[in-house]
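Structure provided below as structure tokens; questions to follow.
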Amino acid sequence: MSKKPSTSLGVELKSFIAPFRFDGSGDFHLKSHETNDKGGLDKDKAEKILEANLKRLKDFQERLYAQNRWSVLLILQGMDAAGKDSAIKAIFAGVNPQGCEVHSFKQPTANELEHDFMWRHVVALPQRGHIGIFNRSYYEECLVPRVHREILAKEKLPPKLVTKNIWGERFGDISAFERYLSRNGTVILKFFLNISKEEQRKRFLPITNGSRGW
Amino acid sequence: MSKKPSTSLGVELKSFIAPFRFDGSGDFHLKSHETNDKGGLDKDKAEKILEANLKRLKDFQERLYAQNRWSVLLILQGMDAAGKDSAIKAIFAGVNPQGCEVHSFKQPTANELEHDFMWRHVVALPQRGHIGIFNRSYYEECLVPRVHREILAKEKLPPKLVTKNIWGERFGDISAFERYLSRNGTVILKFFLNISKEEQRKRFLPITNGSRGW
Amino acid sequence: MSKKPSTSLGVELKSFIAPFRFDGSGDFHLKSHETNDKGGLDKDKAEKILEANLKRLKDFQERLYAQNRWSVLLILQGMDAAGKDSAIKAIFAGVNPQGCEVHSFKQPTANELEHDFMWRHVVALPQRGHIGIFNRSYYEECLVPRVHREILAKEKLPPKLVTKNIWGERFGDISAFERYLSRNGTVILKFFLNISKEEQRKRFLPITNGSRGW
Amino acid sequence: MSKKPSTSLGVELKSFIAPFRFDGSGDFHLKSHETNDKGGLDKDKAEKILEANLKRLKDFQERLYAQNRWSVLLILQGMDAAGKDSAIKAIFAGVNPQGCEVHSFKQPTANELEHDFMWRHVVALPQRGHIGIFNRSYYEECLVPRVHREILAKEKLPPKLVTKNIWGERFGDISAFERYLSRNGTVILKFFLNISKEEQRKRFLPITNGSRGW
């Protein structure tokens, strides 16, 4: 039988999580968060917690899978080199892959551009009992084509629909869509990996020397 | 080059369509519509119009396909034997199948039940330039499981999400989803084939004699 | 009930079809076929037959759909401008689109290149009772990448698998796959629209004047 | 950079694997294998090897993913309670889920029955760089409907195709299909978890007491 996940660890972790968590109430300003805030943890302590928590995560996943009612959708966003791939590997290697799927959303394909901008993400949603991890998501669709208009042009929208309201509409539509998913049993957890431009530059350096993995 | 669809026929048809059309403004009461209202047409005249209009529909489809910006989603609802299959055949046999797809939504499969209730419909949405025809749709999800609670149970929703608000939420979510599709280039046209219980009974009779097609 | 398709027309058509049909027995040489062979038909007569045959095709489709056992897969191949799109439109506009799907295979997408070369075609196969039309198909995979090695490179095959036997293997694999489909209820009919280079050049001309449809 | 997987462990493991491995040469008789053969390992030693090997598996997976050329398909077969789910969990929890997908094939859905018997498995094949795990597979299609003819009937094959050769044809078609996959970069590894009827009976007992996990 699946074991009851540890609650004491959950309590201990709360204080570490709180400063980085936004529950939707009140205002949120990214700028009031330091990108190098370690949250009072050093590497050793963090690794110990990570290890202890992996056990807890496994237990939770077993229950999720056995119940087969809820699904969990994790959305990871962040600039290139923010650590999305590494975070997935560090946290989820350990979880039973039967019940956990990762989808990486890169440049949309020709076929995907023939549909509404969330279509390819909907197709990939986790089924009940499963954890789905989106490495990037539809949030990109409010960022990349907004800055690069040639990318918006490739989305083949009828010209009369490309108004100055389009970004507000997209945020509204995403919000409505996530509310719909919540009402149907999907718990959505969103993570923004917040690094500075300077840190990003440093992380890119090793790549040019050919020594970085995936 | 694709020909310009006939506009004079469009004008002529308007008066026949108007009494059966609801554009969302004002109130709508199904009961104020007679199920046997022929709209001032006899069979001969209707067939002539149908034939003339098929030509017009083909021209429109060519333009839709060539532009490759908009998509058209037709949703047909109606009781069993209301004539959904026949309507599709009578109206769309004549249209280029390269650019027109029909999806019939019957009882959801085990895999489909593992997802939110609109998931299987989203997967089947028409791409840009195409006409998609939904023979039944997510509207069933506000009817069938509402009456038959054992069908709702099969949807495997977490119990705490099955509240008295669920039907209102579903209508709200459908409405938000259709608004999203419209903003992204899908024109949605909905048809309710309105027959009486008595007419349905009559239409079912021949089936038991084995003489009805599909 | 679905009507019995006309057999007398079937008999009449046989003599027109025979010279263009290869049933797999004996040798076949494309060069022994004139590209401008009209098969003893002028345009008027051909259109009359086409019209009469459309009726027959509809009846056959009704039976196919009602039985829900067999599926039909039509594969159209031919050079650009050979008339694949037009053939689909001329022959299949008239057939009930509920039961007939067309798939056009263009340049494979990034996602499709992550799979074996027939994967995207398998996904699109017609279900029982349906007619599936492939506008181009996996046969391209024995032609295009064979001539353009940079396209083969994009298929990301492990280098040790790209041997001089690869084209022979692909033909063998296609042949085995089609045999498998036949054994499982799919009737495969293949059409090569055979035009001359000169005819192709002529047909391309109007496009540059902007007057050609889809 | 991804580390070189340990080769010394690979050498050490060979002798444990050899008695349980069939490479296709010579004859194979399931009956000459004891179902309770522990291969000279006790639980402690086995767990140590499993742990050491997990590290090796991770390194291999990183290389597979980084190369993005080959894909690995693991097929697990075995009677109910043979330990397929547990094997996946014990071996693959630890592998990066970004690059590893598990598909469990249960009773085919209505939609899946509308296609050839391998269609649903093809759709789920791993992409290049990924490990795909099939928990049951198309091999079931040569077992279950062979014994239970009512299940074969549900596959809606045209009656004339259901001959006494059907099982031989299915094995031949599977074999040809796997050869095709191999030629296109998929390494297929098949595992049969071989338990006795008596052991199966024992393992089922706890379930009725409600104490078994997933």
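Chains: A, B, C and D, in written order; residue numbering restarts at 1 for each.
As a convention for this text, contacts are C-beta pairs under 8 Å (C-beta built on N, C-alpha and C of every residue); 3 or more make two chains touch, one makes a residue touch a chain.
Everything quoted here is computed from the prediction, not taken from an experiment.
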{"item": "Copies chain C and chain A - interface residue numbers shared by over half, same or different", "value": "same"}
{"item": "Listed chain pair A-C, C-D or B-D that repeats interface A-B [over half of contact pairs the same by residue number]", "value": "C-D"}
{"item": "Intercentroid distance (Cα basis), chain C paired with chain A, Å", "value": "43"}
{"item": "Centre distance in Å when chain B and chain C are each reduced to the mean of their C-alpha atoms", "value": "31"}
{"item": "Multi-partner residues of chain A (each touching 2 or more other chains)", "value": "111"}
{"item": "Residue numbers on chain D that touch chain A, as the complex places them", "value": "1-2, 58, 62, 65-66, 85, 88-89, 92-102, 104, 133, 135, 210-214"}
{"item": "Chain C contact footprint on chain A (complex, rising order)", "value": "106-107, 109-112"}
{"item": "Touching residues on chain B, where the partner in the complex is chain A", "value": "68-70, 111, 114-119, 122-123, 125, 127-129, 156-159, 161, 166, 169, 173, 176-177, 179-181, 183-186"}
